[in-house]
Amino acid sequence: MDLLTRARRPARLPHGGPATHLRDPVRVVFLALAGLVAAGWALVALDGGQFLTLESVVGIQQRSAALGIVAIGQTLAILAGSLDLSVAYLISLASLVAAEIMAGQDGNIGPAIAAVLAISALVGLVNGLVIARLRVHAFIATLGVALIIKGVVDHLYDGPAGKVPESFQLLGYSRAGPIPVSAMLWAGVAVVAWFLLSRTRLGYRIYAVGGNEEVARLSGIRTSRVIVITHVLCSVCAGIAGLLLAARLGAGAPTVGTDGGYDLESIAAVVLGGTALAGGRGGVAGTVGGVLLLAVLDTLFNQLEVNSFVKDVVRGAVIVVAVAVYARHGTRRPA
Amino acid sequence: MKRALPILAVLVLLLAAIAIANPFFLEPAGFLAFLKRAAPLVILAAGQYFVVVSGEFDLSVGSLVTAEVVIAARLIDGDESATWPVLALLIVAGPLAGLVNGVLTTKLRVPSFIVTLGMLLVLSGAVFLWTGGAPRGALSEGFRAFGRGGLGPVPWSVLILLAVGAAAIWLMRADFGRTLMATGDNERAAALSGVRVDRVKIFAFMLSGLSAAVAAILLGGFAGVSAQAGQGLEFSAITAVVLGGVVLGGGRGSVLAAMAGAVTLEALFTLLNLYGISGALEFTVQGVIIIAAVAAGAVRLPRKPTPRRGDAHAAS
Amino acid sequence: AGCTTDKPAATTPSAAPAASAQGSGTGAQSKFFVQADFDAQLAMRSQPPEGPVDRPWEQAIAPKMTGTARYKKDGPYHLCFSNAAVNNPWRQVGWKTMQAEVGLHEEIGKFTALDAEGKDDKQISDIAELQAKGCDALIVSPNTTATLTPAVTAACGKVPVIVFDRGVETDCPVTFIKPIGGYAFGADAAEFLAAKVPAGGKVLALRILPGVDVLETRWSAAKVIFDRSRVQVVGVEFTDGDAARTKSIVSDYIQRHGRIDGVWMDAGATAVAAVEAFEDAGLPVPPINGEDQQDFLQKWKDAGLTAVAPTYPTYQWRTPVIAALRILKGEEVPETWNLPQPKVTAENLSSYLKPNMPPLHYALCGCEELPGFPETWGGRKG
Amino acid sequence: MSEAVGSTSDPGKTGHVLSMRGIGKSFLGVRVLSGVDLEVAAGEVHAVVGENGAGKSTLMKIICGVHAPDEGTIELDGRPVAFGHPLQAQRSGIMIIHQEFNLLPERTVAENVFLGREPVRRGLVDRAAMEKATARLLDELGESTFGPRDTVKRLPVAQQQIVEIVKALSVNARLLVMDEPSAALAEHEVELLYRLIGRLRDRGVAVVYISHRLREVFDVADRVTVLKDGARVTTLPIGEVTPDELIRLMVGRDLGTYYPPRSAGAGEVRLSLRAAGNHKLRDIDLELRAGEIVGIAGLQGSGRSELAKAIFGAEPFTTGEMTPSRPRSVREGVALGIGLVTEDRKAEGLALRQSVRDNVLLVARAVGAGNRGGVGDLLERVRLSPGRGEHEVRYLSGGNQQKVVLVKWMTMAPRVLLFDEPTRGVDVGAKAAIHDLMRELANDGTAIMMISSELPELIGMSDRIVVLRDGRIAGTLPAGASEEAVMGLAAGEVA
């Protein structure tokens, strides 16, 4: 019988009550998603239409695949306590590199993919090194890198360029029943990222560095390396999204990334999925939910032909409200 | 002040380089023209400074500037007599948007990055919803005077800039500024010293909104109504503040240096233009310089220890 | 379900030859420049259009008609529209006009429009989604020429497609509607400047952004004209369509060169900002071109400018609806529907200046007789 | 456990596991350590003592690869080493419990314990192995209130400290550094720590132990090294030194009596609670009088800090009465003339990157009142040279930082001043100065309430001791009560 155990009162540990269900952001997102689909069904039905037709289901997936892939990468960066504002320009660059190298030839697909992945990795390396080694805040570092890429892209290209061969375009258009190849690619990236985060040392270290960099370092983690690798992975995801968009557009386009607003939207999707902007908490499942939520919202607006400006208003409000809900349920107790 | 020195040195260097390429720059008229152009960004940087030093972000200022210009044009609709009422409305509306940002950030505990990103979306959506997609109406000559005219040879914008600068410096020396700074450094300690941290932060957001309103008046005055009036200004303003050595995360840096950062950024644009760096590569140069400047300024000071009992997370 | 693809079979984009004529100060010729199109457009300017004189949006220049009997069906019709964006005043005026045109026709039972918000990828999905809605005809205003081509091609197989404004790199649409075009616009303005600016005079060329075909052609035509003339082009700058940037650029040029003798613009939206740069510098405004926007026309009149305003008429937004109905009724339509493209000059300025309309309104909207005018377009009665 | 490095080449009880020679270190040109030697043998518990800022933690951080020394050599088992990263030190069998909080609140206990050393099987993290090993270690410690899967942020501080200890033990370390491991533990909890250390010693592990509580040093250490101003004063077997001598070695002078004399008597009632309570406190009856120091004793989590915060207005009282009135916010508390010296000055007391002056004036500025002119005098009164007013607070020693917190409240001339662990982590010299100041303030008529986990201090300072247990007052004891009496009430045993 020792004093220590006797003096301490039992810690308040979570029990599986209904309140704790709402404490998990992933559950909240998917509940919201289900609710939205139901509401959408009803609204569109009242409007005399049908919400989940084959086309709209395919549409939802096509619409979310590129953002989804970028957002997975962004999730890694944010979990590690960083963030990446350069993804939008990198996507444009990747689409151009892909289409230019492919130049309409099937034989060039391999080299083009390799080049895109290499360039993306390089950009991620630069982002990571500037943040981890030069100790520049991620916001400024990736904004700076974004400007650098923008300058190069704008300097070299003044419009869509290159040509993606038919066979590669299938990536953007084919589907197996209701599941487009692009969505499978997204799912693949998501599963890999999930696996990485939950089952590998790197994943554990990403959470650690994002949770508290100093604690991680003192525990023997090479934090710079983790940050650099995370940024490389994030950029590679953006590169993959660039490939996918090139397949969809049939060419590379210097504005496809920025027009899509992939930088801020990917961050928005990640936090909508319950990942803490400060890092160290959250995961891939929430992000997938967040992206789908945005896509279903988009589809619903499309079906109801809502003015695109209303969309922005609703989207802004949804993001803030969602994060407010997580803040309410997440961190009640001071650590 | 000590932290402001490096940026002031860089600024002097840039100004000298501009003067070499363009001697007109040394004449009062040339320099005033430069200041006039820099005024909106410098004012926005001052506003952004208050938010950044309190440990937050304001990403909504760009769309707030656009919204204010567009709203002003629609409300004034060329009617001279509407000038002053609308000016007053803008000056109230800016801080009001800041109030919403601040309340959502502090009361709902949503990171300001997200709140102001949401505000950005909501503002741009709402304004264009109201105007049907593109600005309508026109600004009056009286309104335009602030961005175009001047008191003798001195543009109004420069006078307004000086007034805003003086007010910002005064505010930072006053109780408000000191408590704001302490809040950005350690919110919990400030709260336990009786600082109403929510209120102080909300006020910082309101000042940022106010600066956006003033910048909108100058920008709208300078160039007339446009849907792009505020495009990208949030990033420029944050970049300027950081260039001035103010630390993202709060608690450190001077408002003078933040404004100097904005002047530096504007000088950089001017210089690149003068030396005819091709339009697009300008961005590349800008990106490199921003990273280099911030990296060089990041003197390795000891990190804040994470105390045993404290909250392990600094506010975002 | 087996493997399916929603992708069209084949597309053959016409790689535009870059006829580069290195001129003085104008730089290399745009890769969008096609000599034959340039010649054709310049010729069209003097060709009288066919069709009702008071309804220019129904007129066509040198039409080559195509039969549409295979699309004929009974009403009411479901028209669909995939819009690139409503992100500038030109598109805003056009979109209002199109909606009003739709309102005129009782045989249109349903009109479904999706806004791509300036995103290529979204427009591709939008077009795919619209095909599933049972549209009788699909109108497309493409966001980007090259990248929307596959999606439009795919749609062609299922419904009659009408493309207007920016083009696509396939001739599968039943009709492509456009004013004469960018070459004519650019040339109209450049010829004016070449005539008004004294020999050796310094001309500043202001462009919005690179890469958009209808804008590229404007500059490439101007380049051809300037290269032949005796004016000196001292700068070609991109303004992003931003008034403040425009004004700053012009001020910088005035400062650097002491004087600027002419300003060429590829679009009129920021023309007033350019004019103000001269005013604020206390200098007379040199010859300049704008577009048919009210603010510029007003400034022109008030300040007595030496100016011209080529147009890219917003009344073209009416034509696709009309074309769609004709197609569905089995009537012939032009393969390429070249609409007349008037220019505003000192002589006809007063007829286009409408003080009751908002400053960013485009005069050639062809909307004066439509229901809801002028309020719907932001104007005042009287 | 896959990477654990056992002491395979046991140097035996004679050889030194660690030997550091001539270690020097500067930060930004300020010399923090110079010519320090330290030798630790296997199976030895070696205490390192010294005033705040003497350089103890810095020396430890050099041992474990956080900082690289500017000069000097480090040998491990007689072989020279130079660590560039904590990872390398870890791989050499050196583990450290840092003075600063070092856990990830969002992660589970097991994840924290194996942080950076996760066991892998076929390339994947072996969760099961990790949790099993953690459970076993917790078991060994007799810890049963939480398990490997609990999230750290849900654990009370004392249990978090246990996690840190488990983390250090999870490696078969040959050298274990404990930098103030007891700071967050109540005294009786330290007993358990002793037992652990004893077991490690028996296993031949070398232990470096740092504490400001001298009693602990005498309880566990075999030898003690004294640091002063970054230099080593001496190293002695613990049997060859008395507490008083040790203090003299640390401070460089005699400190005389430990505690200032008690006051003659209490004055008017400044504040009283009747049946006050909230989610954590029940039925609190308490009076604080002018000139009196009331000590509050209790176990970890008994509600002492909660009581101070509720009186101050930082947390609510939901039931009962408080006179003159119940503050609903910190500002109302301040308006009532109440001040609170928080238990964690870095997290709750100071804005570390602001100047001394800005910190001192924080309350006055926040509420728009207070004596701003007299800051210089106040700084002198607490023996902080006014010239330091412009220095950033983070460069001050712990003791001086605590004085800044004190001056912050003194500008308001508070009627009631609440001290929560006022000398935690403060060295003996500064501690005596703070004790003197507290008594001076009381004599000037301030009503003082003092919470301390260090019983000798609490008993030495208090005119009256109120003991809390589970949020209620378990009893009140007069000045000079025995430690046994206090502990008895606190733990609920029949005294």
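Note that the chains take the letters A, B, C and D in the order they are written out, and that residue 1 is the start of every chain.
We adopt the following convention: a contact is a pair of C-beta atoms (placed from the backbone, for glycine too) under 8 Å apart; a residue touches a chain by one contact, two chains touch by 3 or more.
Worth saying up front: this structure is predicted, and the values here are computed from it rather than measured.
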Shared interface partners, meaning chains that touch chain A and chain C: B
Relative to chain B, chain with the most remote C-alpha centre: D
Busiest interface, counted in C-beta pairs: A-B
Chain centre separation in whole Å, for chain B relative to chain A (CA means): 29
Between chain C and chain B, distance of the C-alpha-averaged centres to the nearest whole Å: 36
Approximate Å spacing (C-alpha centroids) for the pair chain A, chain D: 43
Where chain D touches two or more other chains, by residue: 101-105
Touching two or more other chains - residues of chain C: 86
Shared-contact residues (touching 2 or more other chains) in chain B: 133, 279, 305-306, 310-313
Touching pairs among all chains present in the structure: A-B, A-C, A-D, B-C, B-D
Complex interface listing, chain C residues touching chain B: 86-89, 91-92, 95-96, 237-238, 240-244, 246-248, 251-252, 255-256, 270, 272-273, 276, 280, 295, 358-360, 378
For the chain D and chain B complex, residues of the former touching the latter: 27-28, 100-105, 157, 183-184, 312, 314, 330-331, 333-334, 340, 342-344, 346-354, 358-359, 361-363, 365-368, 394, 408
Residues of chain A that touch chain D when the two form their complex: 2-14, 199-201, 203-205, 207-208, 211-212, 215-222, 280-281, 333, 335
Interfacial residue positions of chain A with respect to chain C in the complex: 53-56, 58-59, 62-63, 66, 154, 157-160, 163, 166, 169-170, 172-178, 245, 248-251, 253-254, 256, 259-260, 302, 305, 307-308
Complex interface listing, chain B residues touching chain D: 175, 178-179, 181-182, 185-186, 188-196, 251-252, 301-302, 304-313
